[in-house]
Amino acid sequence: MIELGANRYGKSAIRLVKVIRGSDRHQVRDLTVSISLEGDFTASYTEGDNSAVVATDTMKNTTYAFAREHLTGPIEAFALTLARHFGAFDQVAAATVSVDEHRWVRMPTEDGAAGDAFVRSGDFTRTAVVTVSDAGVGIDAGIRDLAVMKTGRSAFRGFPRDDYTTLAETDDRIMATLLTATWRYGEAVHDADFDALFDEIGASILDVFADHDSESVQASIWIVGRAVLDRHPEIGSIQLTLPNLHHWLVDLSPFGQPNDGEIFVATREPFGLIEATVRRGR
Amino acid sequence: MIELGANRYGKSAIRLVKVIRGSDRHQVRDLTVSISLEGDFTASYTEGDNSAVVATDTMKNTTYAFAREHLTGPIEAFALTLARHFGAFDQVAAATVSVDEHRWVRMPTEDGAAGDAFVRSGDFTRTAVVTVSDAGVGIDAGIRDLAVMKTGRSAFRGFPRDDYTTLAETDDRIMATLLTATWRYGEAVHDADFDALFDEIGASILDVFADHDSESVQASIWIVGRAVLDRHPEIGSIQLTLPNLHHWLVDLSPFGQPNDGEIFVATREPFGLIEATVRRGR
Amino acid sequence: MIELGANRYGKSAIRLVKVIRGSDRHQVRDLTVSISLEGDFTASYTEGDNSAVVATDTMKNTTYAFAREHLTGPIEAFALTLARHFGAFDQVAAATVSVDEHRWVRMPTEDGAAGDAFVRSGDFTRTAVVTVSDAGVGIDAGIRDLAVMKTGRSAFRGFPRDDYTTLAETDDRIMATLLTATWRYGEAVHDADFDALFDEIGASILDVFADHDSESVQASIWIVGRAVLDRHPEIGSIQLTLPNLHHWLVDLSPFGQPNDGEIFVATREPFGLIEATVRRGR
Amino acid sequence: MIELGANRYGKSAIRLVKVIRGSDRHQVRDLTVSISLEGDFTASYTEGDNSAVVATDTMKNTTYAFAREHLTGPIEAFALTLARHFGAFDQVAAATVSVDEHRWVRMPTEDGAAGDAFVRSGDFTRTAVVTVSDAGVGIDAGIRDLAVMKTGRSAFRGFPRDDYTTLAETDDRIMATLLTATWRYGEAVHDADFDALFDEIGASILDVFADHDSESVQASIWIVGRAVLDRHPEIGSIQLTLPNLHHWLVDLSPFGQPNDGEIFVATREPFGLIEATVRRGR
């Protein structure tokens, strides 16, 4: 007997820009929204019966329509509003809404920050993922693809050597990564000041990343993750994903030159990939 | 108390080309390999103790060294050899090896197919993911990003209408997608002719995709998935991921023209996303 | 005194799919069209006077409207029709229309090639660029990003050595590239069978690429380009752009293995880049 | 007779990171360098004679070797040093060196800016292109892909209407673009303070972009370009390339809502593309 297993569907990459026109200064919100539903959709697969299938086009329309009234605060709140709307449909067991925010900052001018011109800040993408399901509400927030680098206090030593090991031990290497972090807010924090929390948690990540001595990417994840949980009781766990973007010392000896940690080739392939969750014990 | 949760690490995007030099004709294998380990690595996080951390550089070296001797058959077998090697380390609970194969075909010439010149076939990427763990061996195979299109016999009707629904019902639309399929081989099939199976399963997917009448992307997933399981007893389940790449009919009426399913604008954003597993019942 | 120099404007990335519905079999055309105009547009810059500025939105509309009636043959002909339309505006000195064609082939099934289902062939993009100007009509056609590889008969020797040269001479290396070729049709060929010519010229490129002994990418460009001009009197010149995508032999000696031209690492950065035009002498 | 036409070759995408280790604070330079040569290379094409072909691998080595000693100031100076080195070869008629700089800024911490940890600033890429040829030295500098947006004071009116025009006139639209600007320094400025000039010219671009009323992208290019030339006598011309990344007002009327310039869909395809040079008259 053949049967339907796990399944979900939705709309991805809904691109939304909202201009909030204050008395004299505009504000820009620039989001990419994705919506995904799980629930009682078996008949749409096995019977071709679409009577329960909220059209993904309707999801898109709903996002734009809700944006006008409800996109007034942090993306966590907007995602929660959308997730509650879709989670309220009878056939929906879980509605997940993911929102990326692309930051625009006021353009600097000779007369100060502009009122109606903006520069996009490409440093990273702020993310939120809210799930409304029978099990309750889950709110994740995070940072995606923040390029950071430590040029000192990064080592990698004491690893096992077998027949295929050629890597030298080092007590001074470049550690460069595109940091992605996602943290889960505790249940008591569902109407918190998510913007302030985001700024504080982001600052903690940078502060600890800059300040610690690293024995490995793994050790850095633990040190950063533990510190974030220590400092921010609002969150229950944090997942960190760190590709290790290798910077190899160039051999300048053929050219009669030393290379004392000065000249590196930056590479993209292959890369290490280290992922871990740090959480409060149960 | 703060503790380490789920974690894994490895090397991604190891780019490997092997040239097999027969008496008069070469053969090209072009792979991208990724390796990921789970197991007893807690001390590397919490203590900065790297004594159990197989360096990701060693993973890369091992891949190249093994390729010379062991990359002689399908990617499933090569991935299995690598996964068994890494799975045999004491500290490793699960070793996952993912291999993408990029196909090169002999270059056509006036004198027939060339012996030492090749064209890459960009239609799709063939994938394999093998996991060796305490629970046994799992072998997944698949196709990634195969662009396919139905210009007829694709409908979407009978979906619910609410305040945010504007999409018209249609019994004739374009259905276009980048199909990704992953199927899991049963345990008895671990030394099968994976190349032949891949070709047969791929052919089944295309055959059914072309032949069926679609009431929705969901219905197409079920029809294709069920048929694949029906035809191929070697596999226990298949996961299909189909983005719905919308093709919208252009309104030509301002130019005094009809548009009877002829002229479409192809779009990338936003897109529907439908994912489901079809499996044998238990 | 400050003045306006060279300028042009237009619409890029107009995505167009046409389904031609024959009695029992469909045909799919999938194009990306870009339009660019030069001419007397100075006032739009210096005076904010848009009275001569054909809106780029109008260019897009025109493309879709023309596709219904005029997209019946090769992309060169469609581009020419559009370029003539825009070139006929008084203020336009030169209209350039670029068309990329993405090929879809009939899906293979057990009952033969499907009538209304298609697979996109990702091997390369076919290109055409047509310019209509006071100087006449220019028709370029080409192939973009065709991945090809020679695993034999490729050398690089006899290059000069200075203080910064470490590369060894080789008489046997992999030459891999993403070939882009653009050829210009002579003036007498403006209503030729461009589809047949494209197939023949493409076949010539592959035939010679496979068959020749290469002393360098430069030498390969000359051999391919000269042969194409020799075989195809319809074209007056051909430009070839070949990135040299290096494949480096992996040093397996630390693992006690030889590597006699078998195991390579494929790289993307850095890459050589060689570009040249081969033409009929004047 | 068939002959070689225009040709050039070189190395692209040389990825270079330099860490300058001061007494207590590091500095990071992160460059992508490309080198291209023109000159007497005909024999390498037509004769397979590589005796004049400086290997692109040697170009790469030279870049790394020179970086240690010569990468101490602005990228314009480093590019000039490399271009002079390659331009001095007898067979070279013109050597062009392009350098992109990716900015890393000190990581903010609770104790101030870090000494050895950095965040990449993704707002834009700073570019320099230096050509050394028989005709002299040309130094171009620029900004690539700076995302900017005007939410007010942007109109598009008074354009011609033909049978294919549907776009409404507007006196209030979003103008969003990925601005790329390249300016050419005058000959007297070849040992200027290029870092200070870059900052000043960049500031001018933003200042004028924010401050002006736009009648079209064309008009904006003129206003920005003219102002930059007015304010900066060091430069002789500036080229501006502005894709028009359309933001379309969403029709919210089906949901009973007005949309008074508030909710937009951001699009990537198709896009307008406007390019022009503004220069000093001759």
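Just so it is clear, A, B, C and D label the chains in written order, and each chain counts residues from 1 on its own.
One rule holds in what follows: a contact is a pair of C-beta atoms (placed from the backbone, for glycine too) under 8 Å apart; a residue touches a chain by one contact, two chains touch by 3 or more.
Because the structure is predicted, anything quoted here is derived from the model rather than measured.
Student: Can you check which chain pair, A-B or B-D, has more C-beta pairs in contact?
Tutor: A-B
Student: Between subunit C and subunit A, is it the same set of residue numbers doing the touching on each side, over half shared, or a different set?
Tutor: same
Student: If you average the CA atoms of subunit A and of subunit B, how many Å lie between those two points?
Tutor: Once rounded, the distance between the two centres reads 25 Å.
Student: Quick one: subunit B and subunit D, Cα centre-to-centre, how many Å?
Tutor: 38
Student: I need the residues of subunit D touching at least two other chains; which ones are they?
Tutor: Where subunit D meets two or more other chains at a single residue, that happens at 15, 61, 65, 164, 166, 254-255, 267-269.
Student: Which residues of subunit D touch subunit C in their complex?
Tutor: So the residues of subunit D in touch with subunit C come to 1-15, 34, 36, 41, 44-46, 48-58, 60-62, 65, 156-160, 162, 164-167, 215-219, 221-222, 225-226, 229-230, 237, 239, 243-244, 268-281.
Student: Any idea which subunit D residues touch subunit B in the complex?
Tutor: So the residues of subunit D touching subunit B come out as 163-164, 166, 254-255, 267-269.
Student: Quick one: which bits of subunit A touch subunit D in the complex? Just the residue numbers, please.
Tutor: Counting only subunit A, the residues touching subunit D are 15-21, 26, 28, 30, 61, 64-65, 67-69, 104, 107-111, 114-124, 146-153, 174, 203, 206-207, 209-211, 247, 250, 252, 254-255, 257, 259, 261-267.
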